[in-house]
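Report on the following structure.
Note that the chains take the letters A, B, C and D in the order they are written out, and that residue 1 is the start of every chain.
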Amino acid sequence: MMRQAGKKTVRVGMVGYRFMGKVHSNAYRGVPFFFDTEVVPILQGIAGRDEDAVKREAQILGFATYETDWRRLIERDDIDVIDIVTPNHMHADIAIAAAEAGKHVISEKPLAMTTEQGRQMLDAVQKAGVVHMVCHNYRFAPAVQFAKKLIEEGRIGQIRHIRAQYIQDWLMDPNTPLTWRLQKDVTGTGTLGDIGSHIIDLARFLVGEFSEVVGMWDMIVKQRPLGENSTEMGEVTVDDACSFLARFHNGAMGVFEATRFAGGNRAGNRFEINGEKGSIRWDLENMNSLQVYFQDDEPALQGFRTIHCTGEHHPYTSAYWPTGHSIGYEHTFINLMVNFMQGISTGVSPSPSFEDGLRNQYVLEAVEQSILSRQWVAVQSI
Amino acid sequence: MMRQAGKKTVRVGMVGYRFMGKVHSNAYRGVPFFFDTEVVPILQGIAGRDEDAVKREAQILGFATYETDWRRLIERDDIDVIDIVTPNHMHADIAIAAAEAGKHVISEKPLAMTTEQGRQMLDAVQKAGVVHMVCHNYRFAPAVQFAKKLIEEGRIGQIRHIRAQYIQDWLMDPNTPLTWRLQKDVTGTGTLGDIGSHIIDLARFLVGEFSEVVGMWDMIVKQRPLGENSTEMGEVTVDDACSFLARFHNGAMGVFEATRFAGGNRAGNRFEINGEKGSIRWDLENMNSLQVYFQDDEPALQGFRTIHCTGEHHPYTSAYWPTGHSIGYEHTFINLMVNFMQGISTGVSPSPSFEDGLRNQYVLEAVEQSILSRQWVAVQSI
Amino acid sequence: MMRQAGKKTVRVGMVGYRFMGKVHSNAYRGVPFFFDTEVVPILQGIAGRDEDAVKREAQILGFATYETDWRRLIERDDIDVIDIVTPNHMHADIAIAAAEAGKHVISEKPLAMTTEQGRQMLDAVQKAGVVHMVCHNYRFAPAVQFAKKLIEEGRIGQIRHIRAQYIQDWLMDPNTPLTWRLQKDVTGTGTLGDIGSHIIDLARFLVGEFSEVVGMWDMIVKQRPLGENSTEMGEVTVDDACSFLARFHNGAMGVFEATRFAGGNRAGNRFEINGEKGSIRWDLENMNSLQVYFQDDEPALQGFRTIHCTGEHHPYTSAYWPTGHSIGYEHTFINLMVNFMQGISTGVSPSPSFEDGLRNQYVLEAVEQSILSRQWVAVQSI
Amino acid sequence: MMRQAGKKTVRVGMVGYRFMGKVHSNAYRGVPFFFDTEVVPILQGIAGRDEDAVKREAQILGFATYETDWRRLIERDDIDVIDIVTPNHMHADIAIAAAEAGKHVISEKPLAMTTEQGRQMLDAVQKAGVVHMVCHNYRFAPAVQFAKKLIEEGRIGQIRHIRAQYIQDWLMDPNTPLTWRLQKDVTGTGTLGDIGSHIIDLARFLVGEFSEVVGMWDMIVKQRPLGENSTEMGEVTVDDACSFLARFHNGAMGVFEATRFAGGNRAGNRFEINGEKGSIRWDLENMNSLQVYFQDDEPALQGFRTIHCTGEHHPYTSAYWPTGHSIGYEHTFINLMVNFMQGISTGVSPSPSFEDGLRNQYVLEAVEQSILSRQWVAVQSI
């Protein structure tokens, strides 16, 4: 069905099935509905430890089969791609095993728990010659893609500043239970790696490579209930909030902030970039709009333009609905998966690849070291 | 697949396959992915006159079969629902034939070309005892559903005012070709019926029934090219812009405006409602947000709250993504189709039904008559 | 003092001293501080019936003398200008007496209670050859002046639409006492004349002359306490809310609304104008900003620009503070008074003159007649 | 005149007469017009080196006399207050001389060039027992005062975050001439001291005392023309852009940024504060509005409220115009001067006093040292 007639297909095996499993499944389904890619994904198998749950989710999400051991999924001949939507501490093992089995690999972010892990993962996929990608999806919002285009065309000139935030508020209630995202051994870092890594990716995509950083963080609520109505408490072992200054190789200055204690900011993923000739602003909470300022507009008419990036001239949007009709969060993943399919078609890993994931990890590591050493730390090159 | 195991299914036959065909197909596909409805839709057949086109679209949209004559689709035993996404002048014939064949019917808006047609359509579905619905989708934006809930709970008290606009700009260029939406014999009225009917539906949903109206309209560009590069011109035979005042049965005052010549407004579907105790504002271009004002807030703290209606406490949104993650235009249709499936399950036509479509048509007719007679006209009751 | 050395001065006599008296006094004081006009105002005398009050206000507002009878102020040789800030029903008598005494006259809006009165006032000032002005101050917001400039330069082309509102909420509480603004014999009409006249003036200034109108109004709260803690009730005898459609002589369509029951809108004086080539939006609650859209911007970069009209290239603002530093409500009056001083200097009554006031009154009258007759009514020409 | 009858007056001598001289003069004039203070200012004398200019400005601004040597102004018996609106390098000499002569002193910000100077200035005014104040005017915006009130009442609970920016764009053009604000020997630091000091003051006012900081800065354009049409170039010797992280004594985390290269931001003085129970946002470019979020609002109704802080329940605003009528930049100074007059009346120096100025200077110094040492630096206590 659906544009598959006479087309090459890739059979996807997904490890994990919660929030991100749903997002990825929806994205695979959307690719052939909205786009005419050369390679088309098939939801072939899904793995999870709880058989009842994974069986039910296979049915809802549309997978043909399921496994209760991810290693079994990787062994199967009818799987071409391994998609990793597990907690962070499992990314490396799965990705390396998948690469060694010759599967293309796509992983949720952050790529790894440490730069060492990330390095091993990149080595594995490169050695295996498989296509690899890491899911920094916000790059693929049409408004962000359009920002990239403007920057590449030199429309705002050399970049001087980026200020970027990913600020949320879902941990404000001290009774919100401990989740895996708050435990160091499962997640690596807290806000830094989870949402900080997203704005690092946006900055790398739009501004360039980081040179050095200095940061701070805080653990605001130190203990949380182990479950919804539990009276037993567990330790929070990662940062609740993190901010850092950065210098980029091209000289730009950056100010970054990630927190889950910014009341009223549900998904406050925002940036403003100032260049020699103009500025660009974006906010995920109103994600179809981009604000753009040009210094060479007629003086009396200078001001930020609010552009609804849903027109035929904007990236990706002509695949969806007519101008002015909003798309949402999930479409960033459909667009990402279109790139992944194109990568499989051409054999060239699309950006953000595992290399991007590793570079991101180097920034995360430098921020963490700067916090511990209380001074500026250079970001390692690849 | 997908939640269908052991579930009742309805087999959908769709007539038409362009913009709205894509929207409806996507919505049917989304229902079992996001919701756990008792009845699940199957994309069984699609009809269109151009065989190559309909065959290709059947494949892209995911329909199992196609027909080149809509009458043939209606005759088929393996079709339970007829979904009408054709130009307006065909709605009545198809709907009546479908009802007579015992199919449930769902139609794009406006329901009909005239109130007479609408009356016949309503009679036909009622006589046949089939489930019927008309696609005023904007009701189903979670923010609008939440507005409805607040109003029903009396949170803003008795309503005094609604000011609503659906203003667009896609006809500003006089070289934009003539489409069926600009020809009276195919579309009925222009902006009035096409986008004016949407804000009439929102007003009926949120405020109540119209009592009387007085309006004006204009044909701003009177001739347009017959095609993209055509030098041959055709006559625009409907209104390019329309506005009207209204009184509601509950005493509320309304101000309405629809136009396709409001530069910079891509999909400016907006309303503000003022009640005895508060106010509500919504704008499709930023459709996940609702602005709400309460007069009984502490005086110094009174102000419109901007609520990102993507939380677990908001209608429909817990089926999608976590709080703060936007959904788009297409999700209004998924939500609508959930209601249609529930209607089929219970045998009770959900709102907006053909009855709502006809009531809407009575308002359209009264506006048109008021323009021709240059005075206030009462809106007919059903 | 203050730029008066060697300059011509005009000695102002003000009738009334409440809210608008304070606004006008502040404006006269601001003229020589911020601007280098040829004629400079002197606060010479103020009249009010309550001697204690007028004496105190003379001191606070900075008037050299006071009178308890406005007729006495007009008789004085040391008064060159009569400034009328009384309730509406006194405008005509004072203005006509002042003109007959050879004084220049400036009056608060609306000019008169009726078109007959307005006609007599215009005749009186024209016969006397004095300079006259009516205080539609919102024209003089720098952002509005800039909008006018853009329109005059043809930057948005022929105008197709204006939608304008002046919506407030200070009457929502039914216990708010009856004021003179709610009594027909003192105020003429309610929201229509008080705030509706402001948006009519803005429309006349920016779009052109009205051709015909049709309207509706309502009296939402019919009785109010006679004072702050009074249990005695008085009748509200004017409209609480009013809306109307309009056609302009140049073909533009207008939609207008004035109400004092729009919760959350403190001073919701807003308009959007759509032309052949662009659009303009303004909102008094954020009065330094203007939103401007150009259809001939590069397609992908089209969007409303938010222009902070406080730059050296914007009207009036270089007299105040550096770019980006906001001015407020009172500066619209300082700018207005600069025009009045220039009018006195040149002998040419600046716009809005009493003629503008009368044209405004003709629109008000036509709206009222259309409401009573329930049909479109042509607006009288001067 | 003006509320002076029977009132104590203070005779003001101002040193300097450019931008800030105009702002202060206007503020003194506004005090008795809008407020009923016990002490009323008299514009007695103004000093400047260029006799023609100072004479002209004395007339425009409304000063009774002028001097060409500021020392002469301080010697005069008819001067009670010295107001310093000169470039920064003169603040200390003038303030100390004024204090020694027994005059009350008010100075523009930043208080001094160095912490040593600031210390001497504070010592001088304390020893002399005169009233002293430094002009961090943004505290006195009604919306900011209201934010302070909410914080003091515990409405947003313990503060966790502040992110504050003062970002401008007036130096983007490399041909903009060198001014005193770009020369280290006259100004001290660049953006850090000039606009950074404003957001430091807002943070101290709203959040509390700084504990430690780490920063970065940049000189983006290193040479500029010496005058409007000059071909001769001069060296820029201060920072064009500066950002820093901060920890407060109460544990709050801060992110600060000041730049003059943020295109499209004319006066982007903004902050967001997140507390345990809510959040507050403010933006100078729309200075009458405050955005407030409460975590304990009903879940589905949580969202930032946009409050137009011009009502009778908001600080200072009942002295001006009715609810909804905006005030501007200059009113922050009128409110500040009301505090200064009250300070003179009671003998207690109002906040921000020279002590606040010195504490601010300690933060500036710590930021500068952190930049030079590339590590966190503790902020000195007073």
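What we mean here is this: a residue touches a chain if its C-beta (ideal position, glycine included) is under 8 Å from a C-beta of that chain, and two chains touch if they have at least 3 such contacts.
Being a predicted model, the structure only gives us computed values, none of them experimental.
Asker: Give the pair among A-C, B-D or B-C whose set of contact pairs overlaps with that of A-D by over half, matching residues by number.
Answerer: Of the listed options, the interface copy of A-D is B-C.
Asker: Name the chain whose C-alpha centroid is farthest from the C-alpha centroid of subunit D.
Answerer: It is B whose centre lies farthest from that of subunit D.
Asker: Using CA atom averages as chain centres, what separation in Å is found between subunit B and subunit D?
Answerer: 54
Asker: I'd like to verify one number: the distance from the centre of subunit A to the centre of subunit B, where each centre is the average of its C-alpha atoms, in whole angstrom.
Answerer: 35
Asker: Nearest whole angstrom, what separates the Cα centre of subunit B from the Cα centre of subunit C?
Answerer: One centre to the other, that is 42 Å.
Asker: Would you give the residues of subunit B that are in contact with at least 2 other chains, written as numbers and ranges?
Answerer: In subunit B, residues 265, 302-304, 308, 311 touch at least two other chains, as defined above.
Asker: Is the chain-to-chain touch network here best called a line, a ring, a star, complete, or other?
Answerer: Drawn as a graph, the chains make a fully connected set, so complete.
Asker: Enumerate the contact residues on subunit D facing subunit B in the complex.
Answerer: Interface residues on subunit D, with respect to subunit B: 146, 292, 297, 299-308, 311-314.
Asker: Could you list, by residue number, the parts of subunit A that touch subunit B in their complex?
Answerer: Its residues touching subunit B are 1-3, 5, 19, 23, 25-26, 29, 32-33, 59-62, 168, 170, 265-268, 284-289, 308, 310-311, 320-331.
Asker: Using the touch definition from the top, list the residues of subunit A that touch subunit D in their complex.
Answerer: Spelled out, the residues of subunit A in touch with subunit D are 156, 160-161, 163, 165, 167, 169, 172-173, 214-216, 218, 220, 241, 243-245, 247, 251, 253, 255, 257, 259, 261-265, 272, 274-279, 293, 295, 302-304, 374-376.
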